[in-house]
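Order of writing sets the labels: A, B, C, D and E. Residues in every chain begin at 1.
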Amino acid sequence: MLELKNIYGGYGKITILNGVSFSIPKASITTVIGPNGAGKSTVFKAIFGLLDIQSGQVLLDGKDVTGNTPRQMIGKGVTYVPQGRNVVPQLSVYHNLELGGITATDQEQVRQRIETVMDQFPMLRQFRDRKAIELSGGQQKQLEVARALLLDPKLILIDEPSIGLSPNLVQEVFQTLIRLRDRGVTILMVEQNARSALAMSDYGLVLELGQTRMHDEAAKLLADPRVGQLFLGGHVGGEAAEG
Amino acid sequence: MNAPVLSVRNIRKSFGGITAVNGVSFDVHKGEILGLIGPNGSGKSTLFNCILGQLPPDGGDVAVNGRNVSGMRASDLNKLGVGRTFQQLSVFPKMSVLDNIILAGQEHHGSMLSRLFGPGDAGLTAEAEKLIAFFRLTHLRDTLAGSLSYGQQKLVDAAMAFMAGPSLVLLDEPAGGVNLTMLTGLKDRLAAYNAEHGTTFVVIEHNMEFVMSLCTRIIVLAEGSIIAEGTPEEIRANQTVIDAYLGG
Amino acid sequence: MTDRRRTFFILGLLVLAIAAPIGQGNYIIYVLTSWLVFAIAAMGLNLTLGYAGQISLAQASFMAIGAYVTSLLTLAGWHWILTLPLALTACFVVGLLLGYPALRVKGHFLAFVTLAFNTLVFLVLRNEDWLTGGSYGLVGMPRPDFGLFSTMKQLHFYYFTLGVTVLAALAMWGIVRSPWGRAFKALRENPIRAESLGVDTRRITLLAFAIGSTFGGLAGTLIAPLVQFIEPGSFGVAHSLRILLMVVVGGSGYFFGPFLGAAVVILLPEVLRFTEGYYLIIYSALVIVMLVFVPSGLIGVWGKLRERFWPRHRLRADMKEGAGLK
Amino acid sequence: MSQFLQVLLSGLATGSIYALVAIGFTLVWQAAQTVNFAQGEFVMLPAFFVLAGMSLFGLPFWTALLFGLAVSVVVLGLMFKKLVAEPILPHGGITLIIATMALGILLKESVKEFYSAEAQPFPSIFPNDPINVFGAVLSMQDILNLVLSLAIVVALTLFLNRTRTGRCMQATAQNPAVAEILGVNVKRMILYAFLINAALAALASFLITPVYLAKFSNGETLGLIAFIAAIVGGFNQIRGALVGGLLIGVLDNLTAAYVTAEYRAALPLVLLIGIILVRPQGIMGTSEGRTV
Amino acid sequence: QETVKLGMVAELSGPGAPAGTNWRDGIKIAAEEINAEGGILGKKIEVGEYDTQTDPQVSRAMVQKAIDDGAYAILGTIYSGSTMVNMLVAQQNSIPQFVGSEAPSIVEKGNPFVFRTSSGAQKGVPALTKYFTDTLKAKKVGVAWLNNEFGKGGHDVFVEEMKKAGIEVVIDVASEQAQTDYAADVAKLKEANPEAVFVYMNQEESARFLIEAKKQGLAMPLVGEVTLTEAKVVELAGAAADGAIAHVGVTATATEVPGIAAFTKKFEETFKRKPTHDAIKGYVGAWTTKYVTEMVGELDGEAFSEKMRGLCLKAADYPKILLDTCWDDRGEMSRPSFMVQVKDGAPVVIGTLPAN
């Protein structure tokens, strides 16, 4: 489905990605983990056309999409939820959602989907006409996640959806991702909430120093003592994370 | 008995029809690590902003060490030893990591004038470097803080909170985006600091593992009001909290 | 730049500044002197704009205040050196006042508020002619005489101005290198966060304006004896804009930016003389081109060129620490 | 009494001109979140395109107007966007503001050097016959200015808030990075904003130049007063421009007639400072919301 | 020395550009003619152009530069504010200077090197007084003026003169440079209803004022000094300018004077527009430099200024001086002047006033 071949790239003169290669199959969830600053978000930017790639290739369904613009990527069925806060501050919640489906040809369908996601995140309906900037941090994140679900994507790139979400909503988001995967959508996710994320994923990917260190079934990574020691807070095989 | 380090009485705040904080009162005593949790939009950040002078509350009082500080500006509160972090990333993007951290401490050293005529770093470089090393950012010491990754900025933010040697720190989601290993370090550091200096912490966090293992007492907020209060064990077992927040 | 190289560089500049006017005609010396004067004004604005991030289009009005105070008093027989503290204090105080709107608005709003202030000062200077001479201005201010060293001659006045400039630059250097400088930057980057870290942003904002304005006033106290004529029109909004462009063209937020910027603005008409009336067109077009390619100003050009022609790809800094997972 | 009425009505007429220009400011703000310091020059220039069309190509007046409109849209819309706004926007708002200051000088000086330094007469589009209103005199032109600025405010407000394209423009202005990852055609939205702005500037130019006369320096005060009108009215609401423009026009005339002519120019400035101190978002403006 | 250098220092950019460019172009014509006649004392003249950007400080630098470049005489500047500063520099270097400024104070500073090319406001405006007393027989007048250093000069002299003549100034309206909205000004004049209004503004302001006056139906005579009836004003104001009256020193419309007619023709051919009085002033300044230098017989600034004081040149002997002209010992000039009125879109000379 998605394949990265030996990607090098970075910001200005600094090379951050030093040969990232991996491929993920269709209809799977892959979680990327790694220390802060490893380059996880940078990989997502590289895929989505937001980074100058010095060398290497990004293949989507076998076709070379290296250097495509974000608009082209959306056209090919890829959506992206970046890290941090990404709402349009002065537009209402509803209009923010509407923007999520701006590229769709069938606006009627978008409207229906908006109703669906508002059922899923009732807060959105409650605050439908408030400016997005007025929402709390977690509410804004809900809005963003909901917005990414409005199109019918083939591939979702989602960068740390759990930041700021309350535990029950993290579960809700993860459940939604699982349902999507079951419908055939491919999901590539970064999570620091790594133990619960890996627990629901098919594959795990460890990134360090801008290089892929490990790529394996999620369960195997969870069980790997070195991974636990280095990236999962040192409590290998300990009690499962709350939430 | 000593006055509580922080005493919040009946704070209320609403935004055009929405009541964000609805009469919240609680005390925090010296040396406590208090957790503040609750669903998204329950008013936690707003409460912090009201306590710390970033937002004027509609009503209620705040006292620090027995002294009424309602309406006091954030910078003055900070000089009383009250530090905080923000939920959003809030480093100074076009300043180096080192400068960010020195800045967090400099206003506590000497008078305004002595800061003009004294040394350029107010004598804080060594202390700042220790913190940078602890958070594994040494290689980024002279990098502009704005070009760090999300988690790294979060760490710089946390480091700044330690810089002034405060007696009370309010942390708004310090763990979000921080790698689990680093998070363990942060937690240990907070606990050690608390034990060593008797510093009091109030922590908003959605990461339950972090909250439960760090905090001595937890307050749960929902729709602007306190719905539960107790030890981590009590909270974990509280059905109302599970329904409103933790989920099944 | 290492400290040693920087010291050499600065000494070199100083020698250059001392040697520059020797053997030149009066006109060239006059131009060099006004370069120094405007560099001082731009240095002040650079503190307000470049370091503290508060855009101000009122710097010319502080030159006006400095110039009028000095002129009125020297015409009344005071010695320049005695008028100086008065002029600077006046500018400091008015600068504090100008800072007040900045506590409420930022960016372009502030630009227009300060612009409005500049116009108000202009109107007062023009309309209160009992004091200021109105639109006829004031003429014939004496140049200061320091016993053995009289500045009546153009060259002497240049060295006098150079001396003042060096002192002003040292003062500015002290300010931006101190914790105050860091607080100014913090104000520019994230005032709310700065406030929560104990930076009294209100005071720092007002100071950013007051100190910047004082430098403007200092430039004013020099322009009065230099030109020996002042009138309200010489301190209009267009001049504030000119000073702002000096700061930006040189490189705002860089210590030497204002010197470079002032040099360009003052000397460019000379270089472009052959283009006759077109030099303003060429100049403004060049400014736009520069902002497209080197938004950090001329000071950044060298870095940009080096990157363009000798690109150096750097490895990420944590690479040599090695991976945790082999 | 008739003097008062005259001053009031003339104030409204002048105010509607300020409003026309101020609309451009608020539009560019809502659609690109930047301020065009050359806006006054943008209004000065189209009249010269028309004059050039008439004198260089011998076009009849109405054709020359269309020609002027077309050239304005290309030069002040398309070229401004391609050559100035788009490359500089990523460097930040303040940089673009300064670039537009330089652009203002460039336009002004170019007109002066390549066309004329002197004022030029400009034919009026509407008959200039005076219309008597209870002893005060207005012209057809005055009334049309008022009606047009009102109509434009309504149309633009509807466009920005009620259409998807309008909202995409707002999104682009407020958070271009997000607009881009959502698939909004960011460049196109910026282009729309500047094209509309250019067309509006041209329209304003054609309406006001018969009264103001075509002169290279016309933009200086006009730009300043229009901007003040926009702030006073409320920068983030198109209708703020109308309110601010009319208010300043009327107050300016009243001051000149009844208070002081010497300090007449100070009035809008004092109003500006006053408004900013008591209500920074302007009379009609809404606050930008949460900051912490 | 091969050539005689003249420093043309004028407002080539900035708000003064219209005046400055005309001044320059007048001088260009003069320079061509002078060189065609063999230059000054047999040496070709070379005119260096220096742009003051309408900024007094720059103008000072430019005069300094012209002198550093070896200028024998300075031609300029026009804006009084600039002249006030830069004449100090010319004086220090003993360089004669012909200026286009009309502010009274210029010749009151005791500067022996400065000479006017048109009479100052304190001569021009009093010439008008007679018109108010004798022709209009006015008892109550109004004044509308531009509040800058040009307008204020005229305004002050006018108010003084009216006081002396026993005429009451019932309404006094100041306006701003580049003002576009004259509604309040005209409404005030209309309300006060004086018998005549003295209008003292620059060209475009005059035109805008006339347009608004027509719109509101201001009925009394509008009388100005120089600018009000200039071709440019008439072009801008169109029909609204009809009836406006002004006193002018020299004017391109005074075609019955042969020198002026010839100059006007040449200017129109070269520059495709009508010359303003600034163009004529520049022209006269350049020619005077030639005439007087050749009287002195050598290039000597001191001797030149000595000669100029109290000098009278007759147009019959010195045709390019255009009209009989005298300079007093302060550098003030006097020559006959004209009353002009706009009729059917063209200024027409309605009377001649003797030199005063």
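Here is the rule we go by: a contact is a pair of C-beta atoms (placed from the backbone, for glycine too) under 8 Å apart; a residue touches a chain by one contact, two chains touch by 3 or more.
The chain lineup, named per UniProt: A, B = ABC transporter ATP-binding protein; C, D = Branched-chain amino acid ABC transporter permease.
Keep in mind that this is a model prediction, so the values were computed, not measured.
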item: Longest centre-to-centre distance from subunit A, chain (CA-based); value: E
item: Centroid-based (C-alpha) most distant chain relative to subunit B; value: E
item: Which of C-E and A-B has more C-beta pairs touching across its chains; value: A-B
item: Distance from subunit B to subunit A - Cα centre to Cα centre, in angstrom; value: 28
item: CA centroid of subunit D to CA centroid of subunit E, Å; value: 37
item: Centre-of-Cα separation between subunit D and subunit C, whole angstrom; value: 32
item: Distance from the mean Cα position of subunit D to that of subunit B, given in whole angstrom; value: 47
item: Residues of subunit E touching at least two other chains; value: 13, 147
item: For subunit A, residues contacting two or more additional chains; value: 35, 37, 134, 230
item: Subunit B residues counted as touching two or more neighbouring chains; value: 45, 54, 86, 140
item: Chains grouped in pairs wherever the two touch, ordered by label; value: A-B, A-C, A-D, B-C, B-D, C-D, C-E, D-E
item: Contact set on subunit C toward subunit A in their complex; value: 307, 311-319, 323-325
item: Residues of subunit D touching subunit C in the complex; value: 35, 37, 83-84, 87-88, 91-95, 97-99, 101-103, 105-106, 109-110, 112-113, 224, 227-228, 231, 235, 262-263, 265-266, 268-270, 272-273, 276-277, 280, 291-292
item: Subunit B to subunit C touching residues, read off their complex; value: 52, 54, 73-76, 78-79, 83-84, 86, 90-95, 99, 102-104, 106-109, 112, 115-118, 120-122, 139-140, 143, 160, 164
item: Sites on subunit A touched by subunit D in the complex; value: 48, 50, 70-71, 74-75, 80, 82, 86-91, 95, 98-100, 102-103, 107, 131, 133-134, 147
item: Complex contact set, residues of subunit D against subunit B; value: 292
